[in-house]
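Here chain A shows up in two complexes: once beside chain B, once beside chain C.
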Partner chain A sequence: MFSRVGLLAGPRTMIMEALDVPDKSSFLRLVRWRKRRWAPVNQSKIFFVPERKPRNEEELKELKATYDQYHTHIKAIRTYLMHDLAKESHEKQDKSHVVEEARVFAELMEENKRWNEETARIREARQAMETASRREELMQSLINLEEEQRRQTVSADSAVRTEKELAKTFIDVDRLEEEIEKALNVRINYNFAIDLEGNKYIEMSDGSIELQAKTTEKQPEATQS
Partner chain B sequence: MPVTRYVGRTTWFRGKRLYDILSRLKNFGKGRIVYRHVFSERYPEPSYYIITKVDPDMRDPTEKDPANHKSYAYGQKVFRGEASGEHLIKSCYKADWRLVPKHEEEAFLSVKAEVRPKNVVKSVLPFPPLMQHLIKEQQKEQGLDDMPTLRIAIAKSAMNKAVLDTEKQQAQ
Partner chain C sequence: MSLAIRLALHGCANRPFYHIVVMQTHRARNSRAIEQLGTFDPMPNKHDEKLVALNFDRLKFWIAHGAELTQPVGKLLGLSGYLPIHPMTYITAKRNRERAAAELAQKETQSTETSSDDNS
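What follows is the complex of A and B.
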């Protein structure tokens, strides 16, 4: 399986030595690991069920107790050594750098404090400016509001005055019959005559004829009165 | 006549798997007593479970991937005569379970176990001789008199119930 040439490449292990062709000159030879791990069970060993070896219960009990004690002891020693080592390494630490570190840290803190103060100064100035600007804005908006309110008052006033003027021509319930009668008695002729010049002759409600000269502008609709 | 031939190694297990027993019982054996054969052989005190709840997986075992089929059984656990409440029963798969017949249950439960003495261990152990010598030398160099003590720590678990002698004194 393994050639001797191939095995020369790397370090020789115990398994490799066991796989070698036996040297007749040596008397000692390992008999374990003759089977490769990937090789199947030997045909003669397939149905071989090894018998349980008889065991001495008393001896086993004693051995278990002894091993338990041993492991507990070893664990205690290991813990002690770990603590001891930690203590020692803590004590042996070079303390000189601690002072240096503290000094550097204090310096850094001082610088940080200066930076903070400078930043605070800038921030306060900015905030004061922002406050003033905001106050100005608010004042302006108040003035604008007052102006708007005054304008609205004037506008409402004029609207009321117009409405009051108009209200004089409104038809009252008392005068309703009279007005209806009046409207029924009015005769309106929507037809009109026109001459060659384009002048209009419109008949008014009282029977008179009104001459409406031609204009270049758009003519208004037939008036009703 | 077929010849039975064994492979592998011998085993101490003598019994059936838990579900081979429980699936043949009324209500999956709720209220019945089961025990492991190896524990009954190994310890003089009784170790058993009284089944309280069973979650059976009743899927068709001929379906594909029956290895994913899992049933769970719970029981009041008594190990070496000490009751420890309801537990999920592990190692159901081991072919080592036995059922106590109903007419034997009374006799089985009437067996009273002796209370096992607590395993009291020393809290302080001696140093190994060479280590003690080295520590002494070191102490002498440093001008110290008191010898350090080697204290032990016990990993307490369900299986390890050892107590330190100092703890025992405190408990008393």
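What follows is the complex of A and C.
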């Protein structure tokens, strides 16, 4: 008893799907052999050549011609049937299919149009809002600019005024020698005395003594006249 | 995968009966077919008829899809008038004619021989 497993290889086709139904006969096959499989060819049959059957040449010649013709006819019929089948299926499809498809397509287009209109409405509203806010922003920025310019003018004015105030104390070339003389003549004494309470006694430039009471705040140790 | 429209032998001992089936060429004769297109009863019934039943719609479908016809099926379809007569049908008919003619000639010679014997 031998079993043989039939394997199906290659891409799946309509026919293979049709074959999907389980079929025991194609997978398990019982074979009864005349001899054991490993038994050699019989001694008397080793050089046996079967006799060729007689050929009827006349018949063969006739068959050749008629077979050629027959195959041509079959091919033509096959082609015709193929076209016929294709045409039939095409015609069958067209009537229900195309109309239904067109209707569905029109419906979809209608829906699409509605969506487009709604979207356009939303978009226009948004764009109008955006334009208004942009305009407001620009106006605000203009106002801010003016404000900034005004502020700058004011600060520049004040700076000029301060500088003018300061300019009075500036040392120019004419008064340079005089000022140098003045600076050289100034004597500052950094020494001071301190009593038990922490009061400071500082000698001023004119010789007088100034009492500086103790405070919690930090005081400069020496004062300049 | 080459397909063929071919005969599958069913029936039992001394009673052949064929299914006309679509099947791959390499598969065993009676393995499961893709589709059965009809039947063929080769034994003449009491009215001396050999009956063939065929689904011509499906036959057309499978021929259009490239299924080849085996010789016996080709012969059947040729005789039914659906396809051109198969070349082997002509040859068989010719052989039959020749055999019949030979038999007739033999009979005639035998009869002449017997008649001459009677005369003598």
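Rule of thumb we're sticking to: the second predicted complex is superposed on the first by the 129 of 225 C-alpha atoms of A that agree within 3 Å, B and C clash if a C-alpha of one lies under 4 Å from a C-alpha of the other, contacts with A are read in each partner's own complex, and residues count from 1 in each chain.
Throughout what follows, a residue touches a chain if its C-beta (ideal position, glycine included) is under 8 Å from a C-beta of that chain, and two chains touch if they have at least 3 such contacts.
Since the model is a prediction, treat every value here as computed from it, not as a measurement.
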Open item on the list: Going by the contact rule set out at the top, does A:66 touch chain B (first), chain C (second), both, or neither?
Closed with: second
Task: Which of chain B and chain C A:77 touches, first, second, both or neither - done: both
- [ ] Would you check which partner chain A:121 touches, where first means chain B only, second means chain C only, and both and neither mean what they say?
- [x] neither
Task: Per-residue touch tally on chain A - higher for chain B or for chain C - done: C
Open item on the list: Looking at A:47 after the superposition, I want to know if it touches chain B, chain C, both of them or none. Which is it: first, second, both, neither?
Closed with: first
Task: Intersection of the chain A residues that touch chain B with those that touch chain C - done: 73, 77
- [ ] Show which residues of chain A lie in contact with chain C when the two form their complex.
- [x] 10, 13, 15, 18-19, 21, 23, 25-26, 29, 59, 62-63, 66-67, 69-70, 73-74, 77-78, 81-82, 84-85
Open item on the list: Please output the residues of chain C touching chain A within their complex, sorted ascending.
Closed with: 1, 3, 27-28, 30-32, 34-35, 60-61, 63-64, 66, 69, 83-84, 86-88, 90-91, 94
Open item on the list: List the residues on chain A that touch chain B in their complex, please.
Closed with: 46-47, 49-52, 72-73, 75-77, 79-80
- [ ] Can you check the complex and tell me which residues of chain B touch chain A?
- [x] 5-10, 121, 125, 127-128, 131, 148, 150-154
